[in-house]
Amino acid sequence: MSRRVAICAVAQIRNEPDIWERRFQGMLLDCLEPILEGTGVTFDMDKGIRNVLTCSDDVFDARTISDNGMTDVVGAHYRGEEKIAQDALNGLGYAMACILSGHDDLILYMGHCKESQPESRNMCTNLAYDPFFCRPLGLDFLNVNALQARAYMAASGVTEAHLARVVARARAHAARNPFARENPRVTEEEVAASPLLADPLRELHVYPVTDWAFGMLLCCQERAHEFTDNPVWITGFGNSMDRYFVGDLDLTANLALKKAAERAYRMAGIRDPRAELDVVEINDACAHQLPMTAEGLGLVEAGRAGAWIQEGGPDRQHVNLSGGMLNGNPIMLGGAARAVEAVLQLRGEAGERQVPGARKALAHGSTGGAGQHQTVVILEK
Amino acid sequence: MGTRKKHRNVGVIGVGQTKHSSHREDVNQPEMVHEAVREALDDAGITLNDVDCIVHGNMELFEMIHQPDLWHALGTGAPGKSAFRLTTGGTTGATLFCAADNLVASGMYDVVMAIGFEKLQEGHTTGGITNMADPLWFRSLQTGALTGTCAYDVIQEFGEERAKKAAMIYRIIMDQHACLNPKAHRAFGLEFDQMDHLIRSSARLIGELKIIDMCSQSDGACAVILACEEKAKRAAQKPVWVRDHITVHREETFNILGYDQATEEEKTHKVAARELFKRNGITNPLEYFDVFEMYDPSSWWGLDWLRDFFQLEGDEHLRLVEDREISRTGKMPINPSGGVIASNPIGATALVRPAEAALQVRGNAGPHQIPRPVNHALASGFGGTMWTVLMMLEKELDWQEA
Amino acid sequence: MSEKFGVKVEEIFDTMQERFRPEGAQGVDASFGYDITGRGKWRLTVKDGAMTIARAEDLGDCVVVTRADPDTFVGVNIGKVDGTEAFTTGKISVEGDMGALGKTFKLFKRFTPPKKEPTVREYILDMFGTLTARFQPQAAGDSKLVICYDIGGKDGGRWTAVIEHGTCTLSEGLASSPSLTLAMKAKDWVDLMLGRVDALTLLSTARAKLEGDMQLAMRLGELFAKYTPPGQEAVQDEELLVLKKVVSVGQKFATGPVMGKFLNGLKEKKIYANRCPVCKRLQLPPREVCAVCRVRVEEFVEVGPKGNVRLLDTAYYASPDPLTGETRETPYAMAYILLDGCKGQEAFAHFIRNDQLDRIEMGWNEKKGTIVRPVWAEERKGKVTDIRYFEIDE
């Protein structure tokens, strides 16, 4: 049996600040229809989709069993459905397992999230911290990311000026992405002057509140040709958890990321990521995570990330041409947005952002404050 | 299976559970989870170093913890390891089991530990379940997981006296099983001669669903370790093989299931059983299986679903219960663990079903062990809007010819 | 009798012999006197590794005499009162050789009060005797509450507690219109109060019965402080820390065009379903897709407003509404109603008027259930509660 799983189709709606006029069901349906039309796949019990994977979060949806309302729309009536409850990129790894195990030939994978629904994103992520010690201290993903940003900047020499460049660049690239959140372009001065949210993170250093949904069709190698002439192969997957207490973490060591990357690279046979990867999509919820993750992935030497940003390294290595999470994707779905962009690049469907001849891409996802959980996926043409 | 064979065999090598209880104020969540993890590792005779991947799940709106797998890293052993989190409501535990099986069978991981838990005392259970309903229209109507519709259906079909008696026999047998299971939460010590009194006097919750019929709200955790064939065969105890599993969901709304026989809708239990048994060549499940750990949230549902799961007709399922064949020593033992009515730590409950089934196959489940060889086991998970997960476990690998 | 600790002074002296430690008596050869206020005097004599204890009139030959009141004496002996503090505050006075007194500390194993279990009857009387003292007025609220206790068996009795204006009075007998009645055998009540069995077990197995206001039943633990048996301190040895918090995050739910049309229709007293283009089934409320056919649904159909009841789910136990926090009055019922124009599984879920529940007949197959009609709210806002409930169409 083959060891590769194909992505036969991807679909997405536009990232928006507030999709008030559709509920989740409408958002997902807009992603499902193009997949069904484009691939001709059905839900036939013998030859079609028998198992659907979803990704959503109960706390952000304010709904117990948040996949419950989606069953109808994703076609899971009298079919299987399993929900990924962490960054959506992990769903690719799990879908891979469902297919490589022989249990399923096809997996439909769909996710949704509306950060505009709850009154406060930080109130929700504050709930990730234990009620006794960390939560009352006011820890949430923003604050913890800020602690990490400060530690990272001190250790790496990355400065506020570098971060400003990262943000301005993200907006510039996003402007060429029809699915990216429509944000005003910003100058580096504007970034540096934006209000402080949690030192050293300023408002423009942090991804804005976003609503989005996506869909993908994954298939075993033997049958991919039934659904597409242009498959993209998942050749590497790795994820890893880090410790919980912020005080236990070495905030700058990228421990979980390095483990995740190592596992993914090993599976994909990648020895020199810098040379071998044509496209890189990093899940940068905050600006400092772009250089930090690039270091952890081995794309730039530790300590050289500031210079790398200065010298146009990210453009040269085709990092986050989508605009990244920094331009706006909702929590939980950032990693999927990275994978979707990588797929479009490898299929030659990335429009103005296209990297000519792209053959190998990396998508990255993370969950939790200071990226306690990290995921890396390698995709190939 | 899909159109292809299972890539490699997977065995259950370790099982751990906390004693399910309504008073676990003595531990916080990671500590409680760790009890189950520790027991599973000891049972398998391995250490955390031998585990490649952790799969974690629960229903987070009960305890109102966002992304609890992050905090629980303190007790699960996940740091440094691969880790997934899947949640599907009441079926979560079963999904975790199926996911662990997929992950090992795929060749991506050799040893995977599935961990399900719930600390219901730390939240409001019925409120949490009611939150499952769409906020726009159903949430103001729903009554949590409580409904008298199943009792109504069974009473309509078989008559009040017979139906109530059968449901109570089922209940008492489940309690007798629970009394033998040291991990069970509620074990009242019910006797058959109390049947009439209980039917008359146990307080009604909704419709004819009485408080005695309904599952408990428990705090508890369960950990199950699965390994690839090569490592499973080297483990401390004889592995129990995972043969196959299927998940069947249905649409969001709670349509009436069975009230109107003219337009009856098939339950997912029936569809799951039909598909799973068909693709595994099982034509007589009642004969084939030696035990069934069924997810029975109430005695009425437990009674009713026997017909769909075992592909029976008419009143065959009632007679199975009335003849006490579902007891530990009967022809078709159901829930020797006491089932979900005895213990329901929701995120763990559906994992406890295959865990208990595996213990029965292994032959050392404890005082509630079925006193006959158990070669073929069935386990089910339930949740959502009447979803089903169905899993098959085997003592030997001999089901795979050709 | 030293009521405070449930131990008699005499018990301390009577058990000295069995608590005696000969190894502590090495080198001790003297008489020690004890003068317990209002109780008498005792002489303890230690010689050659043995002891005698007896009441005495005259303690003149004692090398040291200890004086104390009964409570302090007992308290120190059972480890509940600090001896040094008692001495410093003058609750114990010592006359004679203090050094000699020091030698007595190693003579005896500590006194542990034997477990004298009160009888069921004693417990019952004490539990109800202390009820009003344990009343927590701050938990009571404004309304008058009448709670009847019907404790069965020869050890039982009947009482009524009336809570009004921040006070609680207890009288014998059962009132005629209580808010709540609890009924169970005396032994079960005692076990319940002592935490030996929990309420859910008693209710499930029908050993206990509750009639009346269930919400009040759930609040009894707040209305009355926990019962502690006589002689036991109210404070536990080890207190488990429990953190209580209500989590609340405001939400803004989108309705989308399909649900939006349904909710807007309610404002105009219209009920809309939508019809699948493939299988033609109606869905109520309307949904973006038909799950069975997996196609988008666009056609709306007005149905009802009347219908027949197919299924009635009557609730006797209410859960709080997660959107409002309020708990409904029981019994209430949710009904599945087939509105005019709908068939088969196309039922609509809503409430039935509370006072009509026992007159509703459920339909089954061709047989029609009771015909009902919606009762609309005066002011409609585009919510499912714009229909207050359905009532019998008469």
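By written order: A, B and C. Residues from 1 in each chain.
The working rule: a contact is a pair of C-beta atoms (placed from the backbone, for glycine too) under 8 Å apart; a residue touches a chain by one contact, two chains touch by 3 or more.
In this text the structure is predicted, and so the values were computed from the model without any measurement.
If each chain is reduced to the average of its C-alpha atoms, the one that sits nearest the average of all protein C-alpha atoms is B. Of all chain pairs, the one joined by the greatest number of contacting C-beta pairs is A-B.
Once the centre of each chain is set as its mean CA position, subunit B and subunit C turn out to be 30 Å apart. Mean C-alpha position of subunit A lies 48 Å from that of subunit C.
Residue positions of subunit A touching 2 or more other chains, listed in rising order: 23, 59, 62, 71-72, 77, 124, 127, 131-132.
Contacts with at least two other chains are made by residues 247, 251, 253, 255, 259, 287, 291-292 of subunit C.
Residue positions of subunit B touching 2 or more other chains: 64, 131, 135-136, 250-252.
Interface of subunit A with subunit C (complex): residues 19-23, 25-26, 29, 33, 36, 43, 59, 62, 71-73, 75, 77, 114, 116-120, 123-124, 127, 131-132.
On the subunit A side of its complex with subunit B, the touching residues are 1, 3, 23, 45, 50-51, 57-59, 62-65, 67-69, 71-72, 76-86, 90, 93-94, 96-106, 124-125, 127-132, 220, 222-223, 237-245, 255-256, 259, 263, 267, 367-368, 372-373. Here subunit B touches subunit A in the complex through residues 1-7, 28, 54, 57, 59-62, 64-74, 78-89, 95, 98-99, 101-108, 128-129, 131-132, 134-136, 245-252, 266, 268, 271, 275, 383-385, 387, going by the rule given at the top.
On the subunit C side of its complex with subunit A, the touching residues are 243, 245, 247, 249-259, 287-292, 294, 296. Residues 198, 200-201, 203-206, 209-210, 240, 242, 247, 251, 253, 255, 259, 262-263, 283, 285, 287, 291-292, 310-324, 334, 336, 343-345, 347, 349-351, 362-366, 384-385 of subunit C are the ones touching subunit B in the complex.
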